[in-house]
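Please read the structure below before turning to the comments.
Chain naming follows the written order as A, B, C and D, and within any one chain the residues start at number 1.
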Amino acid sequence: MDYSYTILILLTPVILFLLIGLLGDKIDKMHAGLLGTTGLFAITMLSYSTAFSYFSHGTVESFQSIEAFQIVWLQFTDNLIIHLGILLDPLSVMMLVVITTVSLMVHIYSLGYMKGEPGFSRYFAFLSLFTFSMLGLVVATNIFQMYLFWELVGVSSYLLIGFYYERPSAVAAAKKAFIVTRFADLGFLIGILLLSFYTNTFDFNTLTDVNGPAIAQPITNVFMGLSATTWAMLLIFMGGAGKSAMFPLHIWLPDAMEGPTPVSALIHAATMVVAGVYLVARLFPIYSFSSPDSLEVIAYVGSFTSLFAAVVACTQLDIKRVLAFSTLSQIGYMMVALGVSGYGGEAGLGYMASLFHLFTHAFFKALLFLGAGSVIHAVHSNLMTDMGGLKKYMPITHITFLIACLTIAGIPPLSGFFSKDEILVAAFEHNKIIFGVQWMVAGITAFYMFRLYFNIFWNNSPAYHHTPHESPATMTVPLVILAMLSISSGFVPFHEFVTSDGLPLTTEFHWMIAIPSVLVAMVGIGVAAVLYRNKNSRPESLALGMKSLYTLAYHKFYIDEVYLFITHKIIFGLISRPVAWFDRHIVDGILNLIGNTTVFFSGSIKKMQSGEVQWYIWYFTSGVLLLTLMILYFN
Amino acid sequence: MTGPRIIFYILAASIVVFSILSVTSRRILRAAIYLLFVLVAMAGLYYMMNFQFLAAVQLMLYAGGIVVLIIFSILLTSQIDSKLDPPKFSHLLGGVFTAVGGILLSTITLLQFVFKPSGIAAVGTDIRSVGRQLMDTNLVGYALPFEVISVLLLAALVGSIFIARKDRV
Amino acid sequence: MNLQSEIPLDYIVVLSAVVFFVGLLGVVIRRNLISMLMGIELMLNAVNINFAAFNHYLFPNRLEGHFFALIVMAIAAAEAAIAIALIINIYRRFATVSVDDVDELKY
Amino acid sequence: MIMNPLLPLLFVPFLTIVGIALVKDISSVRWVSAVGMGTQLIFAFILLYLFYKERNAGNTDSMLFVSSTMWYESFNIHLKFGVDGISVAMILLTAIVTFAGIFASWQVEYLTKEFFISLIILAGGVFGFFISLDLFTMFLFYELAVIPMYLLIGIWGSGPKEYSAMKLTLMLMGGSALLLVGMLGIYFNSAPDGGQLTFDLTEIAKVHIPYAAQMFFFPFTFIGFGVLGALFPFHTWSPDGHASAPTAVSMLHAGVLMKLGGYGCFRVAMYLLPEAAHSLAWIFIILTGIGVVYGAFGAIWQKDLKYINAYSSVSHCGLVLFALLMMNETATTGAILQMISHGLMTALFFALIGMIYGRTHTRMINEMGGLMKVIPFLSVVYVIAGLASLGLPGLSGFVAEMTIFVGSFQHTDTFHRVATIVACSSIVITAVYILRVVGTLLLGPITNNHYLELKDAQWFEKISTVTLVTSIAIIGLTPFWISTLIHEPLAQMIQHLIP
């Protein structure tokens, strides 16, 4: 089967970017948007056909990875070469489908949502750039190509968060997002350097080959009790953690909600933030075989993040921030699943579950964000205190949002139930503590999602300036499609396609786990309904009851302040400023001192040239005497 | 202690004393007079070396000419009773240092050196032989320097007249 | 009269050195042009003593030193004449004979 | 045999200067300069084409188009010219930056003729330097390039220009003095077995200079060139000099002249004194490693755009020397790529800063804000330059930095790898200061109502910036050809370096 046409999937968005970016001012705004959307529709269709032919023509036994396209981009040494290529395997094909689908929905939605914005065509150019980068990332054939697109994704995210560049908060958020992820990428880069130094390759197929240098060759170098591979893999995970906003690198994601809402849906919910999960999944064999320690770290980091974010989400008032923390929490789930997984066969359940959750999460989280966007579009505010009782004004948004909330809460038979259930099974088999935490988080998730839901659509309406109305069709159609996907995607026989070793996996249904998890979700929903369905004073009294915890959670456990302290006080104040001072006063000072000394001496010597002939005579005679003295007595 | 030796010491002492007085005196006219004494004592010294002609020229030219010239110029340019400014400290320090140092250095060096008198028979230094040699154009004659000096003196004459001419200013 | 047998050459040369440096002192410490000229005359005379003495003691068969001293005298005379002319002229122009005040060319 | 393609590189600047001297009005001066440097750019591309043609024809000499003329026989000084892949790349860089520089200084009104003449003398010196194969001629052209700098800053500069010009010139002259000592040291040791002393680079490379002499003269030569390459702690001329220099001079200086330092360090100091380079590399690795991080941290605290950029140059040029000292093919390729990339980038930065300064009359970032709204073209280009500087893939900075990091990390010694990790951390700090500038200067609300009347880029400014942006993007998107071009002579040179 020839897959070389997949290059079009990459080329189209970059052409769109250049076209819209350079001609943005010349052509009509709406045409630019339509151009972008049409282009993306074509890419989506191409991805679907690729996925269809790949999965239907793959051998029955296992899915091989195919390098559909490969050129040399830059050669470092004989073995270390950056290829630009397209790697097709179950993982990347699945990601192609997810990205293009969500991206297409967001494009269509944006046609309505962004209507009338001054930077409309710029927005679509950036969207195309992002789509290109993200697609390039997932089809990367080697780790350096991935890093390359990883950076591009970061920049597109920067550009899109800072889309409203006249708003200082957006600019600050964009900067923060970029710098935090950049810091994480430093870890990623060093990890790549370490890994490539020991394995002498960038290529994914070689790296993840069970008999390849990364896995089969034992690396004996040990640093601080951990092997070089473990260090490399931990550092690479650091990069993933930065993009996926794992604790403690999560601080950029809530602020990133300053960007336009469809962007949040696309980048900061469905696609870019799961890049970390994708990265770990991509290198999973190395993690699994060569450094199980780092997998443990991943599991605990994921678990902690999911709990932490869920708690914080319960207190936030900005609806997009609630969703942002919910995203953190859900990605934590995926990380946990990867962390508890093994390679191949039954042990690989966690791997499959993680990606399954990634798959379903993309749809329902995009739906949640787009729904929230629709609400924001209607009431012109992000705060849930400004909302309430919207269900009668916005029926479609309401229904789709409800579906999404039920999905994320894990109510069967919606897709979230299936994927989350698999994760809990995998966690249960591996580590009971993590299972307990994740089970609890499932309950909290249901609670905060329905807190959000009830606060927006039920409760009492505040006084609106003008009556909220349902959004236009360009916005509601994607909502409906995504809602349908949220419902149906759980029924995809995912375990047959995307597994750690490419072999189909048989899964069983664990009643012992499914029933408690659904129950805890129901409890969460019930509590939320009691507290928030109608206006009452119970939430306030509850918050007062747990005042210290509430305050802590409301302020996101003061992590931002810690960062602010480190960056402003320590890095700027204690390093940068002294460095600048040192340079101006010490290094430059020494130089000026040399100069001034010269000037001083020349000034002293200059006085000898006074023009007074008597002194000249004196110098002359003294010089003669001195010379005489030296010649006669000191030689 | 023979006569010539006593005379030499007297001459030497007066040369030293008056030359020091000449440079240290703050009354410029007195300084000129002390200079005159030095010059006269030197003429005596020349006379003791049998250079009568040189002694005569010294008396005529220096004592009779230059010192008079100096005194005239002093009278033209200064008040008789005005004193010279005391020297600046730095000048004094530098001058005394160099002078004393120079004197010490020369004296020590010279006294270490043994001059061996040649013992060659002396030529006559009476006016006649001096005159002969001065005008002689042979190998031992000094006619050329004599002529050069005369040209120089002429040039100096013209130059000084030109410089001192009143209407030029 | 023969000085040779009475006084060693060293004495005369030392005498001349003393006069020379005293003359130098005069040139250095005085600001008055005429005083400086007098110092220079002293130095020239010190040199003359040397010429004469060396001639008399070491090479009495020739009159080199003698004539050299004569020539120096002549030059001294010329120099004095020019110097006095200059000093008079400077006095006319600046009404002073102090070197400190005659510094127009310095700046 | 057609004419040696190197000669036009010297004649064109000369003829341009003559042309400028002959014409009268300002506009003709500008056009003559532009046409002259445009021709130079074309000749640089012709050289590239001929170079490839020659290589493809199977000519494997290390230097191509060599021509040698005896110049001063007593000291065996030749006028010897020749190029390899590295020189060709540097010549291209110089031609591009000079071309852009001419357009960036289109609006110089004061003593226009003299300004352009000095600028082109400077460029001519640089061209001569890059094609010279004789130490003495190399030094000659080096001085030719450095000296007009004093006039250019002292006369057409801004701020404390006399001080800056003096400081810059004196430091560079100090460097030249060291260099001269080193160069003469090499010369007098160039024939250890007796025989003819020589300044010829290729000849000296063949002999083995005694180890003691190498150890003595290596620091002189390396520091001598290093001063120009902003080697810590000899970099302080850079902030003051750049801040006071007029736009085009900053461009040429940071873009091209600083590269002379790196090029010289490699071509002369390390190539001719390989054993000393090996023994002493660690000292300079520490210095450059400090410089990389230090420059970046220094840039964070600055308020003046040019200072920020000058410190960033210290950081980036530190990376060049750092990679050179790693002494392997990949890292060295990266170093040369970084020279080119930084040359283009920083020239673009200085051009933009000059253009922004020309509009707002301030360079303090906290006095400006929201320029994206009023001068979108320049702002977008500024953002692109910033992104290139912080290493966005698809622009040249990424290619260069990654080649350096991967190459340096291939070093088998732990010390070198740890140093590499330290140097890597500069990419984060770079992101901090670049984004800080972009955020404060271009984004956010407009702080000053006067800015609403500002005009966006004029045509000549567009030519200048677009030339540079295109070059940056071409290198960034298709790095393979330039990487091979640079890499090809290195195999042999690195072989020479490794004892």
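The definition used in the following text is that a residue touches a chain if its C-beta (ideal position, glycine included) is under 8 Å from a C-beta of that chain, and two chains touch if they have at least 3 such contacts.
This one's a predicted model, so the numbers in the text were calculated from it and none came from an experiment.
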Which chain lies the greatest distance away from chain B when centres are computed from Cα atoms alone? A
Using CA atom means as chain centres, which chain is nearest the centre of all the protein shown? D
Whole-Å gap between the CA centroids of chain A and chain D: 37
Chain A and chain B, separation of their C-alpha mean positions in angstrom: 103
When centres are defined as mean Cα positions, the distance from chain A to chain C in whole Å is 98
Rounded to a whole Å, what is the gap between the Cα centroids of chain B and chain D? 72
When you check chain B against every other chain, which residues touch at least two of them? 91, 94-95, 98, 102
Two or more partner chains touched - positions in chain C: 24, 28
Mind pulling the chain A residues that touch 2 or more other chains? 614, 618, 621
Would you please name all pairs of chains that touch? A-B, A-C, A-D, B-C
Parts of chain A lying in touch with chain C, wherever the complex brings them together: 610-614, 617-618, 621
List the residues on chain B that touch chain C in their complex, please. 2, 4-5, 8, 12, 15-16, 19-20, 22-23, 28, 31-32, 35, 38-39, 42, 45-51, 53-54, 57-58, 61-62, 65-66, 69-70, 72-74, 76-78, 84-85, 87-88, 91-92, 94-96, 98-100, 102-103, 106-107, 110-111, 113, 115, 117-118, 120-123, 125, 130, 133-134, 140, 142, 145, 149, 152-153, 155-157, 159-161, 163-164, 166, 169
Quick check: in the complex, which residue numbers of chain A touch chain D? 72-77, 80, 82, 144, 148-149, 151-152, 155, 158, 162, 165-168, 171-172, 174-175, 178-179, 182-183, 186, 189-190, 193-194, 196-197, 571-572, 575-577, 579-580, 583, 587-588, 591, 595
In their shared complex, at which residues does chain C touch chain B? 1-4, 6-15, 17-26, 28-32, 34-35, 37-39, 41-42, 45, 48-49, 52-53, 56-63, 66-67, 69-71, 73-82, 84-89, 91-93, 97-98
Interface residues, chain B side, partner chain A - complex: 91, 94-95, 98, 101-102, 105, 109
